[in-house]
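Reading through the structure tokens given below for one structure.
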């Protein structure tokens, strides 16, 4: 509806520079070996297809230097003026150079999840459209509360932390601590880092089961991979009825919830993330979105996330995108408050 | 001397040097790494001609810099028959220290952190030499310890760097907009090349690498040379940490960790023997470029990201198969 | 000489040629080995003996020419094939695997009935290995880890290993021995000869040695190789050592073998004075003085501690002492490097392992201990290095394509000369420790080394010498220090013209 | 004369009556070299038992053995490669492919294939193929194993990524689930699998040509050639054996986790090499063996388990492990120092 209007009045210089067919869409995640990031790239592909383009899929194996190298190379071999980057930075530290490179080259950029607290898109970055993240404190608390409920408000839990050097891991744990403070009946028996990794979580959980035995009635994990590892360890130990929660809503975890083995997870909707960043850049390049007009809240925001538990697991079994979300007028429909 | 007078029959020597088959093969082997590099670049350029743009080429070279600095140091240790697995972790630790200390030390942070790296190398080298523990093990322990220190010092988080103290490590200079990092790396390579060519250091490294007992009996300063190799390797890791902070604007406890295997791969692809005793800085430069081109070039050439690892594996093996000089490896382990 | 030997050649080699990059190793060698015959093979260093033998076991392939085994033309592809065809070889450089036990080594690759259904039977393995060891009358344990044995013991195990060949084939085997005696002492050599005699009844033997007396003693026929060609075939009864020597090098060697008449008396000044030197477990409070211009020979059997004594003086072994002084100043050899700084040189017995860096060039090897002399400040001066190397290659007539050829590609004798040269480069050398400096050298090269020692001592250098044979030791030394069980039993004077009888030394050794 | 070393000594049976066998002398240095890692393991156990009441419980011992199972299987395979003097960096890739292929070949959530145990066999065979490829590339093209196995690892991860295709295949095979959870005599079945593999490894090392020749090749490759050993064949065989072990390890991880993941082998490569080296299997080849490597596996596992139990901060756990490992090796190797000893 509003598309033609903004094209007419927007900063036309940039919009005119690119014919829609020249636009280069790039999605970059760590790797294609985990369901969440794979679904993210697939979402990007679906959006690209819907506008008659293809997405360049980049993966950097979780290696920060490689992520930088890849992006710089993409910027220097492509035409940055007509480029959209939808990037999952490896860690907070990687966002700064990505933003600076993209800004210097003039490519539109949307980042997700990780960003240093003092770096903001409105600090003079014209092409860094938006930073999309999720309230980790919130998700950590939501799953904790779902778990406490399943435990009947009391018992002992163990917590599996993610890679300690990420804000996601830290925020989520703060959420758990908040929930614990409000639920004095639940005690935190132990916390260990399991690096967002399934095998590590499996082994750590086994050791913790030895240490605490039947005192464990809940396992809080900072992501689903660890939750699934813990679940397996609990099964191996013959412990049933332990509430296990995670974050990410990977298909396997959603299935486990539907099967009644897991209690809850939180969905950030990977396919949407994969498409939305490209859509923002596409709209900006085609003149349907003026970055300068965006509010601060739109340029760095927490996106809505949904708690998935037994009630809605079946409906979320397969990740899918809703192309309506990517129309230029709906880009900011999922804003759920500014980042801190 | 009378000894020589009676030895007429031995004198069947002085055939003039000819370009025999062996010397021609030798020549081919010397230039092979360059040919492999050129072929790779050409293949990528066919898939995506933009790869040969000057800007793109400078970017490749720029991307190679941290790897280059780490590999130069690690190569010394490999030349004398050991291995330094700690370089990447040490560079990560250095990045954290740089980020922490910049507010206090300002530009002095660079020599201080390089010194810290050198001291870490010294510690590892000394344990390796004095306690006679295999370098693989010492540096594996070092790897864990430096990571731990970095985690604790940073509180397991990323420390941002503001200000312009390190801008010189990551900018472009001159009319051709050459990345400053490339110039710095080139300077380091030149220093290495000069030292290795014009001083006895290379002799010592090679003799230790190919026959340590013989080197000992010939009075080569074996312990000193080995420790020095570790010190230089540590210092290079420290400096690589500085360069990484310069380009990421932050220090983080696992910033460079993933560079370990690429570093060793680069050294070996260049043709340096992993068992020691043969190799050099020139080969390492080419090896670093081959690995860097593989790392960044596959996606530029449009290889599907799910197949990228397969391509990378096949190409690395093919590259090594072509570049190493088997006559210089007594036997292949 | 009346020895049984049938006429049918078991092994016949015709017109064998082999070229390595710049050197022609074999230039048309022809020879044959008949049944139950011991054939001696002699020639100066680099004449092509080892290359020839390696071709017979398939470790190198000839460029042209033919090898016939029992009348059939064969092309050996590898040592396994050769072993199956009944050709076994004792290599010049030792070929036992250090971390395996003696039993494992003896039967390695030829386990036979010791492996049943792919599984090892340890008892059988030991028993069969013991049979081989018994043949040479050795008391080495089959369970000993090979690297814990002495060099000579290992050589005996090698011989035991090759003797196992005779049990592997139905046909009578051909046993190739490439300088098997160069590290054996007198008794062990006798054991070996007894074995060769025993073997003769059921096998043919090719025997390579630079000790011409040995060759004359055990061989039925002797082939002389020169520059890759067979230049003569002799029967021991008809020739003497001098003739062989002349055939080998193509000219007469003047003077006596050891140049005894050129031995000058030592000077009065004491260069090295050792008091109460103790190396834990092997030598005990050794005292001696070494004068300027003197060669002090050290005699002793394996385990007498003489090698440890010398190694400790060079700093390669930890030791304690009351006092060790070099020209009056305390000598503290904490490492070979420190010893070299005090102008001491050392030529180790295990040349390949300790004496040289095979992959480095001849020139680089020669200058390695004295890099300071070819450096200006920290900078290497390649021109000076090259000139120095060329000078010494010339003075010692080291046979090499050039100073930049890898030392590992030279023949053993020439390698040894290069190892000697590296010490002679230094003008200030005061003490040279020679651990079997003529091991593996041909007579010509040996003579050159002897002359070199004479010249060095004449110019005032002091030498500590351990030698291949007692005769050599006595002939070269001014005095002989006899050691037994880590102690000095006697110091025997051996001035020119009044050399003691070997027996006199021997009885103090054992 | 030094006595035969632990693990290399043939069994004390049927000794022929040779003439006066030389007396064996156990000096302190050799004792330490042979039994040092074992002593370190015992010391660690005592230390943790004192510091943590849970450590010495049957439940924890069971857990320890269970945790060590996968690493033990990997280490057995790796040992043969290390004995050659080669190195194997392909563990992650081989395990990844094996994990995904077994998950896709038995009853699973992604397809209708259900080969049952045959699927397990196929995955192990696939692992062996990877090993065969590493071995043939190393020996045929004469490339250092460091590089071939690094490349093979990347290829394995790549193939696993393609197989993975976005959704983890979850096991739906009840008999395999039973293998993960079911217990005999208080230990999981996978623990018995690991024990069986260790025993097989020991037998192969001691009683077959592969074991003997691997040690010979590692001791001195050029001399092994001189003894007429088909060096290339046995090197390739050692890599193949190792590949099969990694394949089995990938299967075990998949069974444990209930689904096939590409990350099945993450971190196992360094863990296995560390374990082998700590136990006394040298990277230079020819030394050590399966027994030594298993002691190393137990040391590494006990350390990881004990540090969690006594509550060492997760930040410093790895650093503490590193220090303990190096310190343990320094202490046990200190008496072995000699002036001209060569250590790479």
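Should a chain be cited, it is by its letter among A, B, C and D, assigned in written order, with residues numbered from 1 in that chain.
In this text, contacts are C-beta pairs under 8 Å (C-beta built on N, C-alpha and C of every residue); 3 or more make two chains touch, one makes a residue touch a chain.
As the structure is a computational prediction, the values presented were derived from the model and not from experiment.
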Chain hops separating chain C from chain B, counting only touching neighbours: 1
From chain D, the most remote chain by mean C-alpha position: C
Cα-centroid distance, chain C relative to chain D, in whole angstrom: 43
Inter-centroid spacing, chain B versus chain A (mean Cα positions, whole Å): 36
Distance from the mean Cα position of chain D to that of chain B, given in whole angstrom: 30
Whole-Å separation of chain centres (CA-atom averages), chain A against chain C: 73
Of all residues in chain A, the ones touching two or more other chains: 32, 164
Interface hub residues of chain D, defined as touching at least two other chains: 157, 161, 315, 340
Touching two or more other chains - residues of chain C: 316, 335
All touching chain pairs, where touch follows the definition stated at the start: A-B, A-D, B-C, B-D, C-D
Chain A partner contacts - residues on chain B that touch it in the complex: 48, 50-51, 53, 55-56, 58-60, 62-63, 66, 151, 154, 156-158, 160, 244, 247-256, 258-259, 292, 295-297, 299-300, 302, 304-306, 308-309
Complex contact set, residues of chain A against chain D: 31-35, 38-39, 42, 161, 164, 192-193, 197-200, 202-204, 206-211, 213, 228-229, 232, 235-236, 238, 250-252, 255
Complex contacts: residues of chain C adjacent to chain D: 59, 78-80, 82-83, 91, 95-101, 103-105, 108-111, 115, 118-120, 122-127, 130, 133-134, 139-145, 148-149, 315-318, 335
For the chain C and chain B complex, residues of the former touching the latter: 21-22, 227, 249-251, 253-254, 314, 316, 335-337, 339-341, 346, 348, 353-360, 364, 368-369, 371, 375, 378-380, 394-397, 399-402, 422, 444, 448, 451-452, 455
Contact set on chain D toward chain A in their complex: 54, 57, 59-60, 63, 66-67, 109, 157, 160-161, 164-168, 170, 180-181, 188, 253, 256-259, 261-264, 266-267, 304-305, 308-309, 314-315
